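Look for chain A in each of the two complexes below; its partner is chain B in the first and chain C in the second.
Take a look at the complex of A and B:
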């Protein structure tokens, strides 16, 4: 491990420790009861028990599955639509009002509708997830495609490149940094999408766990465990996107 | 080319770039085109490369019966630009072999021919570098190698040296002449530099501006290979003839050639 990695790891641990200490102090100094803000060690203890009993894994597994499928589906269609939007001003004019309108309607209001249409199964939840990640990725792709250097485009055309070749050899590679900006935003949104969908209708998932802990068990520490799990999942997926980005995007 | 017209835009903002342009370029000859900015030089090259089609008139490439309108990528034309226009994430070899890759050639063939083309322009050491790591001259050579890789019978050069410093440019001119003498192909060079045109070309076309057309033709009958021609009396006569033609064709305030000795400072 290089000194730099060590330093970064140390910095991360230090900031986590500072966060936990501040949390503990807040609980101590304000004397807040546990059902409003449990102390960190109470949450950790609850988390260990939830992991031990296997309850947490079940819910994490359901949520992660929704995120993977929803983000995958949403990102793939968003990139395809984004390329079309970027390549054709006509398509952009025709489609963009619908895209913006769909994005402006809160996902919380759409989720029950999708639930009715698609029968309340996994597919409906995946769709909610896909819908929430779609917009930022599609827009990023469109902007990225348009940013391709027109001089390079003319050069490729002079070599007899087909429109498809211009897209694969120039437009998509030059759009990649911007597309990954959209993917970073999208992947964090997909966590929100999964929880919202679970809230509407599901039997497992971290969104469900929060609901149970809140209304069924009055178990505030368990709610915090679920929130921490969501945060960790979000961070993990975000880091994954950044890793893929480092692999694919050439330093200019 | 005969009777070629090409305009851009519509209504008030319409600009006629070329009007009633007739131009015949003999196979194996070296032609230089000179004129101020906006005289349609670049439009002319793009018509010849098949990147634009004329509004009126015909553009044909080839001899007699085989003559046909140019089509981008048909292998008959190589085009090198003012900026090298290399793809930033590809290596030099990949950039030079791009025409072959688009046509679906195998990796082995691409590498082999790209290396030959790079040897020809003298930068075989830069094979695996990316454009950001190349000097301006090397990048320009790579651009030239890309235009030459398919061995096109017609090579079009759109001010390919104007972004280079004067010394690199002279060296480049020398090499271009060597390449051409080694394998004479039809070359059309657009340039702002009278001295470069006199050194390289068999024939210099002086163009009028908006709408562009060929105003004067100056024949350059000097022995080859030509060294840097400063001080050569015969070259000086041709040089003067070109500058006079330019001064005649263009109003003095538009023409930097009437007062200066050389036109190399003219911005692109």
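Take a look at the complex of A and C:
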């Protein structure tokens, strides 16, 4: 392990320790009961028990599946639409109002309708996830495509490149940093999308676990465990996107 | 002005100012004294402002709370938050499901049920007449929609299944966490749904769907929602808690005797209710029926027998572990 990696790891651990200490101090100083704000060690203990019993894995697995499928579907569609928007002003003028309007409608209001239209299964939840990630990635792709150097585009065309070759050889590669900016935003939103979808219709998933802990068991520490699991999943997927970005955009 | 004239003038001026101040003070006291005697308290209700909560609007508007020495502010929160915030002392009173009180008390939350609001359990299994069986045992194999595997609807469903010797594994459960199980029933995705006895049948009727019910009361009685308070408040001011419970009971009795009184006060509180006055009246009439005990009277008294059998049912269903005795979960402040 290099010195730089160790430094980064140490910084992360120090930050985590500071966060836990501040949390513990808050509980101690305000004398808040466990059912309002449990102390970190209570949450950790509850998390260990939830992992040991297998309860947490079942819900984590369902949420991760929705995130992977929803993000995959949403990102692939958004990049395709974003390229089209970037290349054609006509398409942008026709589609933009619908895209903006769809983004302006709260996903929490849309999700119950999708649930009814698509029968409330995994597909409906994946669709909710895909919809929430679509807008930032599509817009980032459009902006990225348009940011390609016009002189290089002219040069490629003058050398006889087809429009498809201009897109694949120039516009998409030069748009990658911006597209990955959209992907970074989208992947964190996909976690929210999965939870919202589970709140509308699901039997398993971390959103369901939050509801069970909150409304069924009055188990506030378990709610925090579910929230922590969501945060870890979000961080993991974000890190994965950053890793892929580093390999594709800034290869060593 | 000479000093001889200045001094009396100054004295007169001071006298006028003092008298004016006394007048202002006494006027202020006259206006404020009635409310100054009232103790400001907060009441948390679940769901959203609705005609079902007319008893609390009547208690507020007709002066029952004021007669009890209370100035009540009503707020709406999620059901679980009602229990947590009342237990923590952030609000003095709440209205919560008795089944939630059993679960939260078992998990260590210092909350206590002090008076009955619903003498009958308000959740039922609802569906088309040909799908609602006469006996719970006939539910086997049916598809049932419910908000989730938590809360009073889940407890009611399990209790009904249990009364027929069944478990959740003997039926197909479809979950509707957004409480849109009515759409599921109308779409034919499920055969039956759990729902509030006074709401879902009316919603279905509005869609031309004739519905009947299998109620929990018929097969496995569970205690209904009631007033809850934190242990600290109950220990420190039992008289105030009793006065509050009595005020609610008085308001309920007033509505049971005059539905239009409750409807009008509900409209005063939630003007949109007036848009569909007939439906609101039907909901309130049905709600008032659920307040009445077996003798047909509105009573805030806690039925210890129903609590004891409901507690045993909850233990048998695995919803509570029985570590906290049922008598530690409620205290009848009227008794």
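Criterion: the second predicted complex is superposed on the first by the 249 of 252 C-alpha atoms of A that agree within 3 Å, B and C clash if a C-alpha of one lies under 4 Å from a C-alpha of the other, contacts with A are read in each partner's own complex, and residues count from 1 in each chain.
The working rule: contacts are C-beta pairs under 8 Å (C-beta built on N, C-alpha and C of every residue); 3 or more make two chains touch, one makes a residue touch a chain.
This is a predicted model, so every value here is computed, not measured.
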Practice problem: Name the contact category of A:219: first (chain B only), second (chain C only), both, or neither. | Solution: second
Quiz item: Looking at the overlay, does A:35 come into contact with chain B only (first), chain C only (second), both, or neither?
Solution: second
Quiz item: Once the shared chain is lined up, is A:73 touching chain B (first), chain C (second), both, or neither of them?
Solution: neither
Quiz item: A:199 contacts which: chain B (first), chain C (second), both, neither?
Solution: second
Quiz item: Among the partners chain B and chain C, which is in contact with a greater number of residues of chain A?
Solution: C
Quiz item: Regarding the shared-chain residue A:191, is it in contact with chain B (first), chain C (second), both, or neither?
Solution: neither
Quiz item: Touch check for A:151: first (chain B), second (chain C), both, or neither?
Solution: first
Exercise. For A:129, select first, second, both or neither according to whether it touches chain B, chain C, the two together, or no partner.
Key: neither
Quiz item: Thinking of the overlay built on chain A, is A:107 touched by chain B (first), by chain C (second), by both, or by neither?
Solution: neither
Exercise. Could you tell me which stretches of chain A are touched by chain B in one complex and by chain C in the other?
Key: none
Quiz item: Once bound in the complex, which stretches of chain A touch chain B?
Solution: 151-152, 154-161, 165, 169-170, 173, 250, 252
Quiz prompt | Footprint of chain C on chain A - complex, ascending | solution = 33-36, 111-112, 115-116, 119-120, 198-203, 207-208, 211-212, 214-220
Quiz prompt | chain C residues touching chain A - in the complex, by the definition given at the top | solution = 78-80, 83-84, 87-88, 100, 103-104, 107-109, 148-151, 154, 173-178, 180, 183-184, 187, 189
Quiz item: Considering the complex alone, what residue numbers of chain B touch chain A?
Solution: 49-51, 71-74, 79, 81, 83, 85, 87-89, 98-99, 102-103, 132
